[in-house]
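So, here's a batch of structures to check.
In the two complexes that follow, chain A is the common piece, with chain B as its partner first and chain C second.
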Partner chain A sequence: MEELVKLTIDGKQVEVPAGTLVINAAKAAGIEIPAFCYYDGLALQAACRMCLVEVKKAPKLLTACTLVAQPGMVVHTETPAVVEARKAMLEFLLTNHPLDCPVCDKGGECELQDMVFRYGAGESRFLEQKVHTEEKQFSPLVYFDAPRCILCYRCVRICDEGLGVKALGVVHRGVYTEIGPNRGDHLECDECGMCIDICPVGALTSGRYRYKTRPWEMQHVGTICAHCSNGCKTTLGVRNDAIIRANNRDRSGLNGEFLCVKGRFGFDFVEHPERLRTPLVREGGELRPVNWMQAVALVARRFEEIRARGGRIGVIGSNRTTNEENYCLQKFARQVLGTNHIDHHRTGDVVALVDALAGRTGALATTGDLYRTRAALVIAADLAQQQPFLAFQLRANWRHHGLRLYAVTPGPVREEQYAVRSVRCRPGEELAAVEGLAAELKGEPELVILFGDAVKGELVHRLVAFGDSLGIPVKYVCLVDYANSRGAADMGLLPDLLPGYRPVAEAGLERGMALPEILAAPDLDALWVVGANPLKDAPLASTAAFVVVQDLFLTETARRADVVLPAASAYEKTGTFTNVCGEIQQLRKAIDFPGAKTDLEIFGLLARAMRAEIGPANPEKVFEEIRATVPGYNVALPVLAAGGAAPSSPQNGRVPVEWRPELIRSARDTLFRSGTLGRYSQALNSVTEAPGELYRG
Partner chain B sequence: MLYNEPHPLEVRVLTRRFGLPNSQSIDTYLATDGYVGFRKALEMPPERIIEEVKISNLRGRGGAGFPAGLKWSFVPRESPKPKYVVVNADEGEPGTCKDRVLMENDPHQLLEGMLIAARAVGAETGYIYIRGEYRYIIEILDRAIEEAYARGYLGRNILGTGMNFDVYTHTGAGSYECGEESALLESLEGKRGQPRIRPPFPAVSGAFGCPTVLNNVETFCAVPAILRDGGAAFAALGTPRNGGTRLFALSGHVNRPGVYELPMGFNLLRMIEEVGGGIRGGRKLKAVIPGGTSCPILKAEECDVAMDFDSVAKAGSMLGSGGVIVMDETTDMVKVAVRVMRFYQHESCGWCVPCREGTIWLRKILERLDAGRGQPSDIDLVAEISRNMLGRTFCPLGDAAAMPTISYVQKFREEFEARLPKKVAVETPLVVV
Partner chain C sequence: MPTKVNEIIDSAAAIAKGLGVTLKEFLSPTITEDYPDSPPRFQERYRGVHVLERDENGLEKCVACFLCAAACPSNCIYIEAAENTDTIRISGGERYAKVYNIDYNRCIFCGYCVEACPTDAITHGHGFEIASYDTVTLIWRKEQLLAQPREPYPEATVTEVG
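For the complex of A and B:
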């Protein structure tokens, strides 16, 4: 049991675990002690002096943010001396502050404004000239206005402690002290913008958001990031049907306030000028705009025709469409088109892991587990580049709980900064290297293993057998690439599996063609691509195939299409995503994009045109069906509705399919790349670090 | 090099070798009881060494006057971590120049003090953190360190006892704040020189997070004599709780400025009159800063005080680092206040709000006052800003800026008022409605 300490704060008896800081003890008692530099989870600074409190028997006021609660301590937070001190600190802070609140991005959500409003003096006594320096651009995304900075050092700490990047530091001294890049005059960093959003004032501002709006003019829509598989909650600031910013300052999701560069800035693909606004149909060899009715009617007619003559139809689904859409797509393909040639770009071997874990419960780690586990093993992945939130989570675990991390990678990774053991191995020799760590790993109380696409097929089984041999509780994360990569597999966008990893035989079907086979089939009659760009990497063998593409942009694949249907992005629809750890979260529609329709709507229109029955094209209704029919998805709706993450638990039994390791291939995106979608983000393209590369440490 | 002739009233313990030919060399040192204290310490159990220092009533000469023996006793000897001895040779306090004569004239005395401290706490590494401006002294120290290695007083298996101790000099880069012990340690570790949160104190977690004895140059220099002649003999030189002698850097409007070693408790007026040869040009004494600019100023009538930590504190100031700045009747106190604040504003590290913003604000108001552009409310504002800093800053630099400033405006208020612009009849502007 934790030891408890009793103390008195403002006359209230408070009991807190030993080691609790007075500022947090007060919070537990419902008493606010104002603070700028104190920040939960980051190193103590005691620099802003806002949190001074009176402690009985202490000759001076003490900083509540560094003071550890002691038994019998008597603390006062509202005595005249304390009130005076706070007022004085705010007066000091405002002396050289520009007070350009009317044009400051932070105006209205600024901690300095709020603090002065609540604790400050009404008048200024400062008659001198203020110290001024010009604004600086640290990178295309990060601007710095030194006069507004209150030097709370939150930005420095989040970048160093939180991310391990250490891009920001402190330069000059005294009143001329400034935050600045640690190397050179500009940032070469993750460009995550964590520093911008952690800034209590408008000193660090976002190159994308600055001077665009007043915060109160926006609506704030909590949804899930459209990019990688980590599934960060993001709160979009929306005004006039435009997304102005993304952040998660309310810490409302599993990621707390974390977002990487893609999550915070990469939403701008939605407004890229090349975004498709109208359906296109090929006429005389060229794609020409038509209206939705014409386009849908054409697709329905051709699909019916091909189906009627028993033609071969291939369907390629997406890593980025919702569970509801994926579910409907496979249902459409199997029930309406009568084809089982359905697949998606598989970026990790989730199927093999589900199979290898048959008979176990709770063996898939959640993002929460990554923060709590005592030990973790990373195999063949550059987490900081490929799985930024998971990397952040593990680092936070190390900082707060002393996580013991093992890394087996082909090149240097950032996790080596703190790993207890890091092993370099040649590609293909990962598991042998891992097995060499057996003795050490056996000494750990528990372990989470995260593995990249190098571990697939039989190797996954070998890895799980290795995990079993350690004799300790082991959980796994099969790393996949995109926002709903996991959901694509869970929803049965596979030629041999139905939703929930049930074999297709259960539905009386035979295994269909996998993605490369579909592309290579010379006699393919139709290809239907929903939110994917397979022709970027491989040609389509069948020259005669009727190709339908649903996408946001005229991708390499869309250029080959006979019909292109403009699709809505993840920020333009509701539904659910399942992240890399199997956590289901809800998307909320932030904006409408004129001309585009959600993939689910498109399925509904096509079904209607083909007089087929696939159920209502309504995300809630489809999710109801998923909950009722897909093993592991019967999650509590209130959790999702409240913006929470509900862990799914895939079916617990063998998955009798042939291993196809050659189909598993991560796109190896870096922090600044996000498949085809990322190419359309001006923000991601603007930074000088892009595109970046893996294994640079 | 010496800056002044020795004075007959001096009691020369730490300065006893000053003026000897080749006083920097180990041969001179050894010929004059050098390393005798250390040899004695080698025979003593560590606790006895600390006990002897406690008996001596040696208090830190860096400014705060913390009992040295007590500080050493806080070092956890049994800790498995390495321990360090760190010398604060940053000597940044305006009005203070005693450490430099100690290092310049008798570098081995400092090394011997470090060796004794190392022996007392079980340290194997020592650093002398020395201000960058003392480059020539670094050369003197490095030479002395080399000699000590050559003669077996440093290095492995010192004098065949199995004791190991290495000493390195490390230069600062021109920051007053790097004399503050925790900022010094940050700087020593290669980081930005800003202070650390305390506790933990250096004795428990100092250099590189390890237990560390950190003292001023003069504090270490007193230790060989304490071990050689006994703590009691050293204590007897001073007043109760204020053992020994100390080096006073007497500057300002006296006829014979210089660094003088006088017993603790020596009367300040006597120091000015007899040791310093009285006020320059036969003028009258106006005020004295008794221990460096961080200390509140004493008016002439407050100067009949014994120069030890407790008596000066009772008189409302501090003995500080022994920098005695004497001012005659011609001194402009507004200018003094401006000059002192310029220093603290320039040296504020910027880490914490009240010092960073308070010092620049004070400097600007004081400069305005000095230029005859003050407002009547400015004088109280200066005092209030100072009080708003006092006791609320992260490290004592803020206090060091605030305390003396309060004393200037309180004790010499009329000079500040006299500087206010003469009331000019302002024509009431014609208001057209």
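For the complex of A and C:
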């Protein structure tokens, strides 16, 4: 039972846990104490003096952001003395402030504007020339306008404490004090833009959003990031069917306000000039534009014909399409095309983990668990590069609760900065190294194990057996690459498993060919690729195969296709994604892209053209079906509708599959790469093309 | 018959008085507008079709802050902003209005936009002949609203962006 402290704030009785700061105690009582430098979750700074309050019996005003609530304290937050002090502080902040609100990107959502509006003086007594310095470009994505900076050091602290990058510092003295980047005149960093987002004023601005519009001119659509598997909630600012910025300022998702460079800036692939806008059909060796009716009719006719003569059809699904689409695709393949040769690019051995944990509940860690667990073990993964939000979450846990982190990796990783124990091992020897840590791990009260694609097949079982041998509660995260990699496995885009990891034998089917076998089959009659690019790494053996590709761009695979159907991106549809931790979240459509259709719509059109019945091509209806039929997906709809994350709990008996570790291969995308989508994001490319060691490799 | 005589005198006096007014007005300057044969005259504060002003260098005053659009009660101002560069400098600030439309189907000439503008860029001119049989033509573009460039007009500003 936590100790409680009673105090009085503005005449209200407040009871808060011991150790609470007065600024937070006031917030709990619904009283706002203004603050620039104080920021929830970051170290205390007490630089801005905006939070001054009057405390009974204290000789002078005190900063509420550093004052710990004491029993019997009597605090007043809006006395004339306090208002006078705030007014003076603002006058001081404005001495060199340009007040160019009309052209400042922050105008309309600027904390300084709000405060000056509330307390500020209407007139300036400062008649001297203001100190002015030119705006600087720190990196392709980060701009800095020194005169607007109020030196709250939020940016410095988020980069250092939050990210562990330490790319921003303070240079010069007195009125010339400025924020400076780590490479003297430019930044080499994660380019996450957290500093821009956290800046209370318009000093740090975004290279993508600068001077584009005003905050009140946009519609704000909360959806899920289209890039990696961490499933960050992102709020897209939309104007005229164009995405103008992405952030999550309202902290409404599982990621709070965290977004990495891909989530915050990498949304621009949707408007890349090479985006497909019309279906293409191969005629005389060349892909030519046709209309949707012609393209769909052609695919339906060819599929029917190949099915009628008992031809072999291979289907390759996507790591980026919604659960609804993945579910429909496997249903279409198995029920309409009568094929079980269906697979996707597997980036982590989720199947083996589900199998090894058969019969248990609560053994899969959620992103929230990463913030609360007392100890964690990272195996063979560079989280800061490949799983940015999970890395942020573990780091926050360490800062706030003293997480004890163990890292077993082949190379250097950022987590070593604070790990209690980090072990380097040769690739392939990770588990042996982990087993060497048994004695230390047994001393922990609980553990979350995160493992990358080096641990697969039989090794996953060995890892779980090792976890059991520790005698403490252990939870697992199987790291995967893309936005819905986890959902692709959950929805049965696998040759041996139906949705929910049920064996195909339940549906009276034989195990089908896996992805490399599909590509290598010389007698393949048709290949249907939805949102994937398998031919980038391997050739298609069958030269006669009829190839249909649904994608956003003319990828290597699409270039080989006979029919290319332009698909909508994740920002252009509704549906659900399942993140790396198995949390289901809802996508909301932000924009329309003329010419493209969602994959679900395309399945619907094809089914109608083939006079087949696969149910309505409507995301809500399909999700109803998933909830009713897929084990672990019967989640509460209100949670999803409210923008929350609902943990799925795949759980049934053993998963009777052969272990095929050779099929598991992570693309090892770094912070600035994101498979096909990353190649078409000018924001991400602008960073990797910028000079700087960090972005190489 | 004194009453008859009085009546005649009274009537003549009334006529003379009336004609006197006529004569006086006839001789004083006319206030009736001769529109459309000659242009009408306005009070200075008359709120007519808007003019987007230029500064003393001929640069556009509008910095695309969107405050007029925010103030407009009939939501008829549409702006797209863009950034000035060294080669293309349109306005005095960092930003300029790439597109600035006013929809005169909806404008109620309330003047709120003029009041909201921090750079005195949008003003009410005295234009009023905008009636049209085709409502589409009532959406005025920046090119129609912009004040004529004055001399001297800097070379660099002549190049419009596409």
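Before moving on, here are some points about what is shown:
To be clear about the criterion, the second predicted complex is superposed on the first by the 687 of 697 C-alpha atoms of A that agree within 3 Å, B and C clash if a C-alpha of one lies under 4 Å from a C-alpha of the other, contacts with A are read in each partner's own complex, and residues count from 1 in each chain.
One rule holds for everything that comes next: contacts are C-beta pairs under 8 Å (C-beta built on N, C-alpha and C of every residue); 3 or more make two chains touch, one makes a residue touch a chain.
Bear in mind that the values here come from a model prediction, so they are computed numbers and not experimental data.
Superposition note: with chain A as the common reference, chain B and chain C can be accommodated side by side. In the superposed model, A:217 makes contact with chain C only, not with chain B.
In the superposed model, A:18 makes contact with neither chain B nor chain C. Contact with chain C, but none with chain B, is seen for A:102 once the two complexes are overlaid on the shared chain. Of the two partner chains placed by superposition, A:432 touches none, neither chain B nor chain C. When the shared chain is aligned, chain B comes close enough to touch A:173, but chain C does not. Shared-chain residue A:636: touches no atom of chain B or chain C. Taking the C-alpha centre of chain A as the apex, the lines running to the C-alpha centres of chain B and chain C meet at 80 degrees, rounded to a multiple of 10.
Looking at the shared chain after the overlay, A:4 reaches neither chain B nor chain C. Ranking chain B and chain C by residues of chain A touched puts B first.
Once both complexes are placed on a shared chain A, the shortest Cα to Cα gap between chain B and chain C comes to 11 Å. No residue of chain A touches both chain B in one complex and chain C in the other. On chain C, the positions that touch chain A within their shared complex are 63-67, 69-70, 80-83, 93-95, 118-119. Residues 100-103, 107, 210-214, 216-217 of chain A are the ones that touch chain C when the two sit in their complex.
Contact residues of chain A toward chain B in the complex are 44-50, 52, 59-61, 66, 84-85, 88-89, 91-93, 95-96, 125-129, 131, 150-151, 169-170, 172-177.
Listing the residues of chain B that touch chain A in their complex gives 175, 177, 192, 194, 197, 345-354, 356-361, 364-365, 368, 375, 381, 388, 391-394.
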